[in-house]
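By letter and in written order, the chains are A, B, C and D; residue numbering begins at 1 in each of them.
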Amino acid sequence: MLAWQQRIKNGTIVTGKETYQADIYVEDGRIAAITTEELPGDVEEDIDAAGKYVFSGFMDTHIHSRDPGPTHKEDFTHSTRAAAAGGLTTVFEMPNTTPPVNDAEHFDSQHEHLGSQANVDFGLWGICLGHLNEEHIPDLHDKGVIGFKFFWGYAVHAETFQLMYNYKPGMENVIPPFHDGEVYKMMENVAKTGQVFAVHAENNDLIQTLTSRVEERGGSTYEDLLEGRPALAEVLTVQTGIEMAKATGVRFHVLHVSAGESVRLIRKAQQEGLPVTVETCPHFLFLSAEDFDRVGPKMKVYPPVKHKIDQDEIWRGIADGTISHVCSDHAPHTQDEKDGSLWSIPAGMCGIETLAPLMLNAVSEGRLSLQRAAQLLSENPARLFGIAPQKGTMQPGSDADFTIVDMDKEGTIDQNKLHSKSKVTAYHGFDIKGWPVQTIVRGRTVMKDGDMVSEGHGTLIQPSSTGQTVYGTS
Amino acid sequence: MLAWQQRIKNGTIVTGKETYQADIYVEDGRIAAITTEELPGDVEEDIDAAGKYVFSGFMDTHIHSRDPGPTHKEDFTHSTRAAAAGGLTTVFEMPNTTPPVNDAEHFDSQHEHLGSQANVDFGLWGICLGHLNEEHIPDLHDKGVIGFKFFWGYAVHAETFQLMYNYKPGMENVIPPFHDGEVYKMMENVAKTGQVFAVHAENNDLIQTLTSRVEERGGSTYEDLLEGRPALAEVLTVQTGIEMAKATGVRFHVLHVSAGESVRLIRKAQQEGLPVTVETCPHFLFLSAEDFDRVGPKMKVYPPVKHKIDQDEIWRGIADGTISHVCSDHAPHTQDEKDGSLWSIPAGMCGIETLAPLMLNAVSEGRLSLQRAAQLLSENPARLFGIAPQKGTMQPGSDADFTIVDMDKEGTIDQNKLHSKSKVTAYHGFDIKGWPVQTIVRGRTVMKDGDMVSEGHGTLIQPSSTGQTVYGTS
Amino acid sequence: MLAWQQRIKNGTIVTGKETYQADIYVEDGRIAAITTEELPGDVEEDIDAAGKYVFSGFMDTHIHSRDPGPTHKEDFTHSTRAAAAGGLTTVFEMPNTTPPVNDAEHFDSQHEHLGSQANVDFGLWGICLGHLNEEHIPDLHDKGVIGFKFFWGYAVHAETFQLMYNYKPGMENVIPPFHDGEVYKMMENVAKTGQVFAVHAENNDLIQTLTSRVEERGGSTYEDLLEGRPALAEVLTVQTGIEMAKATGVRFHVLHVSAGESVRLIRKAQQEGLPVTVETCPHFLFLSAEDFDRVGPKMKVYPPVKHKIDQDEIWRGIADGTISHVCSDHAPHTQDEKDGSLWSIPAGMCGIETLAPLMLNAVSEGRLSLQRAAQLLSENPARLFGIAPQKGTMQPGSDADFTIVDMDKEGTIDQNKLHSKSKVTAYHGFDIKGWPVQTIVRGRTVMKDGDMVSEGHGTLIQPSSTGQTVYGTS
Amino acid sequence: MLAWQQRIKNGTIVTGKETYQADIYVEDGRIAAITTEELPGDVEEDIDAAGKYVFSGFMDTHIHSRDPGPTHKEDFTHSTRAAAAGGLTTVFEMPNTTPPVNDAEHFDSQHEHLGSQANVDFGLWGICLGHLNEEHIPDLHDKGVIGFKFFWGYAVHAETFQLMYNYKPGMENVIPPFHDGEVYKMMENVAKTGQVFAVHAENNDLIQTLTSRVEERGGSTYEDLLEGRPALAEVLTVQTGIEMAKATGVRFHVLHVSAGESVRLIRKAQQEGLPVTVETCPHFLFLSAEDFDRVGPKMKVYPPVKHKIDQDEIWRGIADGTISHVCSDHAPHTQDEKDGSLWSIPAGMCGIETLAPLMLNAVSEGRLSLQRAAQLLSENPARLFGIAPQKGTMQPGSDADFTIVDMDKEGTIDQNKLHSKSKVTAYHGFDIKGWPVQTIVRGRTVMKDGDMVSEGHGTLIQPSSTGQTVYGTS
């Protein structure tokens, strides 16, 4: 006799290609059947999704939960609670923790540490630290990192391997920023794994020079910030990375793209057939420098949000498929830390819980289709990082991860109700139409109508393949 | 109590994105469930697809069954028998029949005429005859044509509306080839329907001039043929069409592309975001002028097969997604008609039954993936012409059209065994690895192991939408 | 003892590269010395050019003097008087006269006919009439035509060889417009001469169709005119010509470019190294559709003046060197003929006498440099058509053709003072700073301060080479 | 009564546009007349150039005379003797001397030091040393440097300002290589002068990394050298420079281009209208890696000579005008220094005396025209660096600098006969057709038939303008 862990009835399934009516039956945490028939058998959890859309679970490939590290800002318990609340079923944690995920041992300890807190499934990024961990790259690959992250332009503490955000030449016990030759070697090493080499792309030397100058003249406005950290800083690194990727064969992934010219360069590289991909974040889609007067210093992030003209090109990248997916770059700071002048406060904002609502609202506004939302939040990242078809795929055998969405539901983002430890967001007060109303991870509902209903269910995801270069929209 | 029309067990399902194990249950001619569980209920037809691949049914969007017309060459009974034998579940019949599909009345008569013979499902192209039928374009759209075909450069008989293949200025009762202004108006009219305006793209004036010259000097080789009918002839029409499409907004589809430069122009148009698509045929992928000495006059088609360098670019178009789908341009002639010199025999070859085997063999040779085959033969044409998700889609609710493929099966194409009336093919003797072994149309097996097991099951397919511009490979 | 025909003292010489102080000594109609020293010897005509600029004589490569033909509108005596008055030392007469310059005999008769009237030097275009004169192309080349003109899209009277501006299919004794195959053959034939194949580029079929439609709905505004004769008409012909030039190797020259997109296509062809060149006219630089309300029907020309956005791109072509030279397309009609509605009056305007003043005024406005003016009006056309270094070249041995310019002189264009028979110009009332004040042809002053001082001095110019493809600005 | 310093009779004058017969009369070191007449007056030096070509004097914009510095290798007396012997009338000395030309004082001392030895005219490059001399950039501009040179990627000794060719991090008293932010500021500063910012473009970090690796594995072949110093090193710097030039508005000049991909990037930048120019050297035109077996370590230069495929693209840049001029990068070492293994010997070769013969030989071989030679060796550099029309210009008032060339003269390059102190050249044994036979500087013959006839005649040249961006060939 059949018995089902879960059934989702009457919903409208959304994939990257189609929207259709069918019911989903779940067993053992996986999709067991997709059907237009009513199947016999007991159902443990029967969900009526009438009037709602059922997506393969959304994911966020780029979060900083500060854990272990400055957990007064955030920790993995909170960030994955926020993830679930925001309709996400999988997150990828960035590796710049304390210690960083720089070798097999730290991969294991982080696996254990986060695994005990995870409210949704998670993947781990590995970090590239040049000669400091080049021999560990194959181990990290074998352990199952989701990809390799390189913080281009940052110095590293020689003992703790922590990134030095305020490096000055001559500091003791500090490895200066890796130079281009060292980056090239990292690319060669990562190329051997077949996984992506993902970079924070900002030319730090240029930024130091221009920002010092702005500071010397007492600049303090948002335009001053951009003068010190211009689009050029991103563009220089992106084009250097593309040429090196061409030479080394590595899959080059540009994180959180912010400048229109970067999108154009990447589009051109894709048209030449190079394995270059790029993601963006909601702040580059829904904020621009022109909004600063209204939004204020809360919108300070690195790379900084640029101008409307850049935003327009990034939207073109969403429309034509240059951009593979959208993620949050969730990087919370406390209210105290974010209080202060634009110049003094740290960069980074809460984003995990608002990622999906903002993108769904864009669907409501006609800026993208339901199909494209499924691609950007679910299918594409799963394929890019090699976790499809386990994740991001609406077919029998795949994990029963679902985000159920009510496109008619309206509401306002209220930062006081966020589930992160720190709650500062530039989107406080944004009106949203289209909300995730249920988050299901491997057949278990973890969020319903905004409330957590199950904790600690998350587990580590390891890629089953090296993934594939994803672009285009069809 | 559940009861199933059909079950396909143990097979490996192939879609444009994934390959996975699941069983398919069919009821009322449609996919009722895709599942990893064994479902209870009686099964009328139980198919064991162990070790085989199950594709959403392959289709051929471009065939000439000569019916009504010169049915001594072919008729729809035979062509759709050949379709089924070759693993196809849907075909689109070209409109240059006698009478042509130029208005609602002829649409209906053709619907009835072909419907009574159809062994697989079929769609009907409508024809564009300039002022001769411009007022019927909306009717043809309403009736449900799959798209509009224009034979650029051909004259039309004023009474019978037949294409005049040997037009000379001054002929009586003949409408001379429509000039560019008239083409522009046709595009405007088709643009209003939202459907594709598909063209045979060869500049007839250039061909007349160059061919006459070759004939005058007694040219008779294949290179002579190409001198008279060069890549330039196609390129001129393609670029004119692209510019007109930009101006009129029509969705412009280039039929049977043969020249590398055409592919490049279309790729560039797509990169500019224009709604321009293109198909190719097996003869442009598997034959080239360099093969003529071996293959002989049987490979004569229009536009003619060009050089290896063109073939290479067409393969690039397959690889990067410029080309949306592959079809046969099935255009049979009798053995008698095809006997003779290169210059005297008619252009066109049998192709419907060899389309899928040739493409599957290319998968075996590593030239494309199973996923890409699913895109080119099933998903993309269904989406392009607006018959998805009814066709070309592996999901509950879609028609239960399947092509079951045995990628281990080896064999040789034997023209004597083809199911068309005329059996001349340039592929006689080609060794193939990867054959369709079962063709299922709406839950009924019509071909098994090469034999027809059900006749007359086909029915007309009408688009549910105008379709979408399809390119890219992801 | 030295004796000089002429000396030009104290002037500032302007070439395409430099501006410098030196005196010019002339003997036997040619430049004998350029020097900073005062040379001994008698001087027949001593000219003080202090404060003035001395250019190698300006030329106009594109005029229609209607002679022989409708000489009530204009004749060569008048047009070359206007040329001299406007600072021009050489003109090229278009071949669509009565009879046309279609063979050696008519070349000779036209040589004699115009030679007897010429007030400045002149070259003759040959006409391409397809099979009607293909065997005469080599003869015309040998006789010394400047290049070959093809009126793309026009019918020709079978006996008189006159262009039929109002061709309708079925007319008796009329050769229908040459189709693409015939054009291809013309290009092949002209390619053998090494000279340029220059075209009036407007797709006539498209224009007929669109204009008829506009007329049927009673359209009568300037925007209606452009709807009937859009940029697309030019673009289609330009791109067809470029592809055919690539195939035949002919030097393809686009006459009187009017659409921005045409300039972009030609720029791209040049960047690919194709022998494609393009000219424009003052009306495309100084008028736009937006001026129609102010200027009125007088600005009607074919191809029609298009929009500001086209004008901007044409100026870019001037700036970056895509455009080789500027000419007038002088095509006068009488005041009577030009009186009437936009729709009824003929296209074409007086332009020969205002060409140089308008371009010099643009120098005054900072839109181009003196060097660039020398290139556009003198050096480039001389090199393009193979009459350098005889013409368009400031060096000893070259013809002593000079245009002396006073860049400080201000005045207003007054159509009543023009020297053409017909005087209608769209520039009546334009304020000009920078006027030609003296025109010297082979050492003889033919115009001084606006007055003719010598008549009948002109003679035929025959190319000494086939010329070279000219683009770029350095 | 007229009196002339010099007359050049019966020669064929070659400019960038034309070739023509005329005589040149010189007075006070300048061209006084160009004429087809025989002028009266005494002539001090009467030169019969019958059968020979007279060019405006060739120049070499890029030489290292090691003076002051390692004058055992070369000094300015010898290098300018070699210049004269090789047909050059002007040279530009690079600023990396001891001391370098980094401020007004050193400009003056170098002016004096070189002025006393100069056998031909000379210009001085200024050096950019980041913050070490940023305040001196305006002074150097005012003093009359020809442009600014930046040795991208090199460290500088903090006291002597000498370039450190073997920099290792941690060296005392050494300024590490200027990073991208510092380069950006240098560009901003030079942009204010309007002069060119010229760079040795090789990414030093990449080279260090790759070369170390090659050395560790004992690599010693020429291919090993290129693996350690690949095209990518140049490409990365070129593209970074182009983007920075776009942002700062500086005129960016790429010195001694060696990689085909660099040429393509620069061509694209020029097509976008950016002020980017590029030079190359004979070794990139006449040698390639494929020649190493024959030529041996003598051909070692930095950037290294690359492959045939790069050479081909560099020739395309010569043909289409992407490359503005050709210079020698004369950088001699003694025979002793150049004896040894590829890996141990210094990079750099003698080139000043063979520059013109090699280019003239290329004219003889039909690889470029006489006009293009005049552009590349005379007109273009004069215009690019703002010393036209004093130099590089064949017109009255310009300096009477001439290179008289015998295109029929054949001979073989013999390194033992070179006039440099060091005589090692990769071209020893090259057969040459086309030799400079007389070098005239400001009306004085300094070389005739290979022999020096006047010493110490050279003087400093200061730009009269900031020059202009030069590309294209017309």
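Heads up, the rule we're going with is that a residue touches a chain if its C-beta (ideal position, glycine included) is under 8 Å from a C-beta of that chain, and two chains touch if they have at least 3 such contacts.
Since we're looking at a predicted model, the values are computed, not measured.
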| item | value |
| --- | --- |
| Reference chain A; chain at largest CA-centroid distance | C |
| Whole-Å gap between the CA centroids of chain C and chain D | 42 |
| Euclidean distance of C-alpha centroids - chain A vs chain C, Å | 62 |
| Geometric centre distance via CA averages, chain C-chain B, whole Å | 52 |
| Junction residues of chain A, two or more chains touched | none |
| Pairwise touch network: line, ring, star, complete, or other | ring |
| For the chain C and chain B complex, residues of the former touching the latter | 169, 176, 179-182, 184-185, 203, 205-210, 230, 232, 235-236, 239-240, 243-244, 247 |
| Interface residues, chain A side, partner chain B - complex | 2, 13, 15-18, 20-22, 25, 27, 30-37, 39-40, 271, 273, 320-321, 379-380, 383, 388-389, 393, 395-398, 470-474 |
